[in-house]
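Take this structure, written in structure tokens, and hold onto it; I'll ask about it next.
Here the chain labels run A, B, C and D in written order, and each chain numbers its own residues starting at 1.
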């Protein structure tokens, strides 16, 4: 009898959405997906979240928009984007043919705009879920966003959930005193899942010119530097809410991703690493698979939330 | 005529305290100062803040207490220490003879203990100021500490300021939604200065055992990884309060320190870097001096708050 | 566009802070066009985190060459690589200079300022091969800033050099030298790469003399593949003046479409 | 205790994952006592951030030797250093094994498990020089885990080796081998360094046979100089059983003071 390589079951069920595997590419770091077609097979991903979308096209912030820091990246893109109309007409038709979950990151300058985006997109096919981006630090002054207060989180999530025909993932900001409180507000308001973390409000200075290195002064910190804080928040939230948690922040390897799963995330998103290795997301899927194989784990979902706290 | 090297004036006046230069060693990273005597001249520092002191001796947390992360260090020492009595009898007499500012980092399990520490230390000589540590994330469950709310900050600062005969520096936590709100509460309560940031609540997992790498589960993240967030907070606070701000978080070089000064800090503390290079604090003083010299800056205080925001 | 994780450093040379790398990377070498670039991974760990964009200085069947000036940590690490060391490259990326077959017999001015000479060498070779006449301008602050003089000479490409301090060639800015030549000869096209200030002056010179011109822009790049929206520059499009990703639509743009800051 | 930023790697050897470094560091070399350690800076940048503690494997007027097993990123980077490379060391740190002049003619058992052999070599040389009789035990999982056999032999130091899998010497745990020898000969003192599980068994063996024993403990170290309170272990003190900094009061402690987890 031939020895057959035991294959690992990587499927991930968020309840409202079944994924081929638990690895999604994170919003704003994966373009509209198509940019990555030369480098990887999009259908090998669990799915991807497209760049944050406002109703209207948006200019974004003036450059410089990026600055590297120790093990991190600060960005102040400011959600430059093409708007729902161009997205639906030019991009979505190309995404629709892909056998992978396409999630749209929904933005708004105010609650009405969020609602308008969802209303417009609800009429389009080929979207697996919305990720409500209530946490972008790069748009309003000094990082202000709905995810900073349980009240504004609750109100917005409630309104969008009621307005939309699709599952709703609410993406939280780490720039808060109690991430659990915000997560609970989103849960109470009816979100189907919680994604965290978005970037940390940060800045960098050029000593010679004494000016901020980002034209926008403030930006959002991502990458390996933030992983220990992100992992802490994912663990705190996952052990306190019933809806699935999608964890992210500094994931570079399959081992990093597995740590988030062990801490309680049902799935993960990978962001900054896509810039460094455009094929990173599929590598991470493969690394998760190998680890499971090597550790006799038949299905990756068995790992979720298995953290042992002494 | 001989060309004389122009010497830079590094003196730093916090109002309530004059320092030889703007570089202090940060609490918990410099022991009681004496540990560093083999490696540097303590009198070349602006001063140092001794390890957090409770009224009674404290056990601290069980090990492992430290874990390295990308450009960062998570610690969960849990404020092990010898208590005010042993400090006053065994350590302070040795510190008293030093011509440098000795600042005591004051801790408490509750408001009464903070008050008791200050009351006891008020009777001792040789202390330049108190640094009220209302922000240690390693003591109570999941990082709870007074600095997480403006109310508890205000109450505690007010009480300790009234109880103490010495200048009071209040050390804030970065684990909050609005650092400015907390800083203002401390200012209103009468603090003489604000120090920030303490460490970020974080965790790390060992994938093989699926256990937290720290026995305490949570710990505080310090080091270069946090610098961009710390710098942002220092800038936000310095531009909003009138009392002097002492900035810290990931400072490794004179250039890092100068960035905090440019962002508005009147002085800086250096922490984790002391572990890597026990003589780092004096190196940083020298690097600040050289930079000032090279840039025609006659007095380092001229640099403070000179950030240009487009 | 490939990720070549098996690229290998064949040779490294340097003049002062300027480094020249010859790299075995056949697939990228075969595809590359002048003005395109590669994203180079400089370290395995997270420090520095991002890849670094470098123009393709020359290319052929066996691989590519790079030419760079040490600017910071990333290029410093790269400068310490040894022959035989593995390299991890993505490329060729972006759209290069417009070079078409119909240009035979025409005259091109090519201007490289400092490290901006990097893509000009490949371009000059290509233009020569296509039968254009070229005037190549190479400017630097001091003599040490124009180290590739010999290399051009060996390739039989004539140079017009300038140094700001007059230590070699024309004394003054390279833009002044180009201005003088423009007054004498009107080329059919002008290509340039270098500091933005230099290119801005060249753009207005070219406009004044009604010479179509192309410029290779620089910007901090997060990804090089159009995914991060970090590398934008103001470019005139059909739809107005937007922030345009230079890694994808550039880094080379026609002068008249560039809005200089 | 000095920071030696001018230390220099003289020689590097390896067997599999085990590395031996000879380092020019005269000041540290002259001061060092067996059981002390150095904090080694492995990288210039922030990755990895902290120094790594390594026992002094041997020392003399010209410098020190280190012996380590690659365990992760830090030791991996260290293993790639080349002769001539600069090193940045702090040391000698901590309190070593107790070795006094009055011990002449006495018998010592020294036990090294795996990489724990590192300080045992220096100790064995020192004990020999002071006229003690020594039985040196060297245990590893497999033959490849006891690579220093030749080195001891060349120094004229006899070894009792064990491998868990029986591929060389005694087949079984080194603690079993020590137990058998203890049944035959009672030494005046026992010293050990190795995995905590090994030392724990040795501590109870030593107690049973009423042999005074010293153990070199390990712990994650933030600073190595007593400043971070990271490296604590439960140790009995006059004032009770406290968390004690092993970098400062240790890493070597008498068996009866150690509270094993």
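Going forward, a residue touches a chain if its C-beta (ideal position, glycine included) is under 8 Å from a C-beta of that chain, and two chains touch if they have at least 3 such contacts.
Only a predicted model underlies this, so the values are computations on that prediction, with no experimental measurement involved.
Between subunit B and subunit D, the least number of touch steps comes to 1.
Chain pair with the most C-beta contact pairs: A-B. Each chain's centre was taken as the mean of its CA atoms, and the one lying most distant from subunit D is C.
Remark: subunit A and subunit C have CA centroids separated by 36 Å (rounded to whole angstrom). Between subunit A and subunit D the centroid-to-centroid distance comes to 47 Å (mean Cα coordinates, whole Å).
Along subunit A, residues 70-72, 223-225 each make contact with two or more other chains.
Residue numbers of subunit D whose C-beta contacts span two or more other chains: 46-47.
With chains as nodes and touching pairs as edges, the resulting graph is complete, every pair of chains being joined. Taken in their complex, subunit B has these residues touching subunit C: 70-71.
Subunit D contributes residues 45-47, 73 to its touches with subunit C in the complex. Every residue of subunit A that touches subunit B in the complex is listed here, in rising order: 69-72, 74, 142, 148-149, 175-178, 200-205, 207, 209-212, 215, 217-218, 221, 223-229, 231-232, 235-236, 250, 255, 258-259, 262-263, 291, 306-310. Of all residues in subunit C, only 1-3, 41, 46-51, 90, 219-223, 225-233, 242-243, 248 touch subunit A in the complex they form. Subunit B meets subunit D in the complex at residues 28-31, 35-36, 38-39, 51, 59-60, 62-68, 70-73, 75, 77, 80, 223-225, 252, 272, 274-279.
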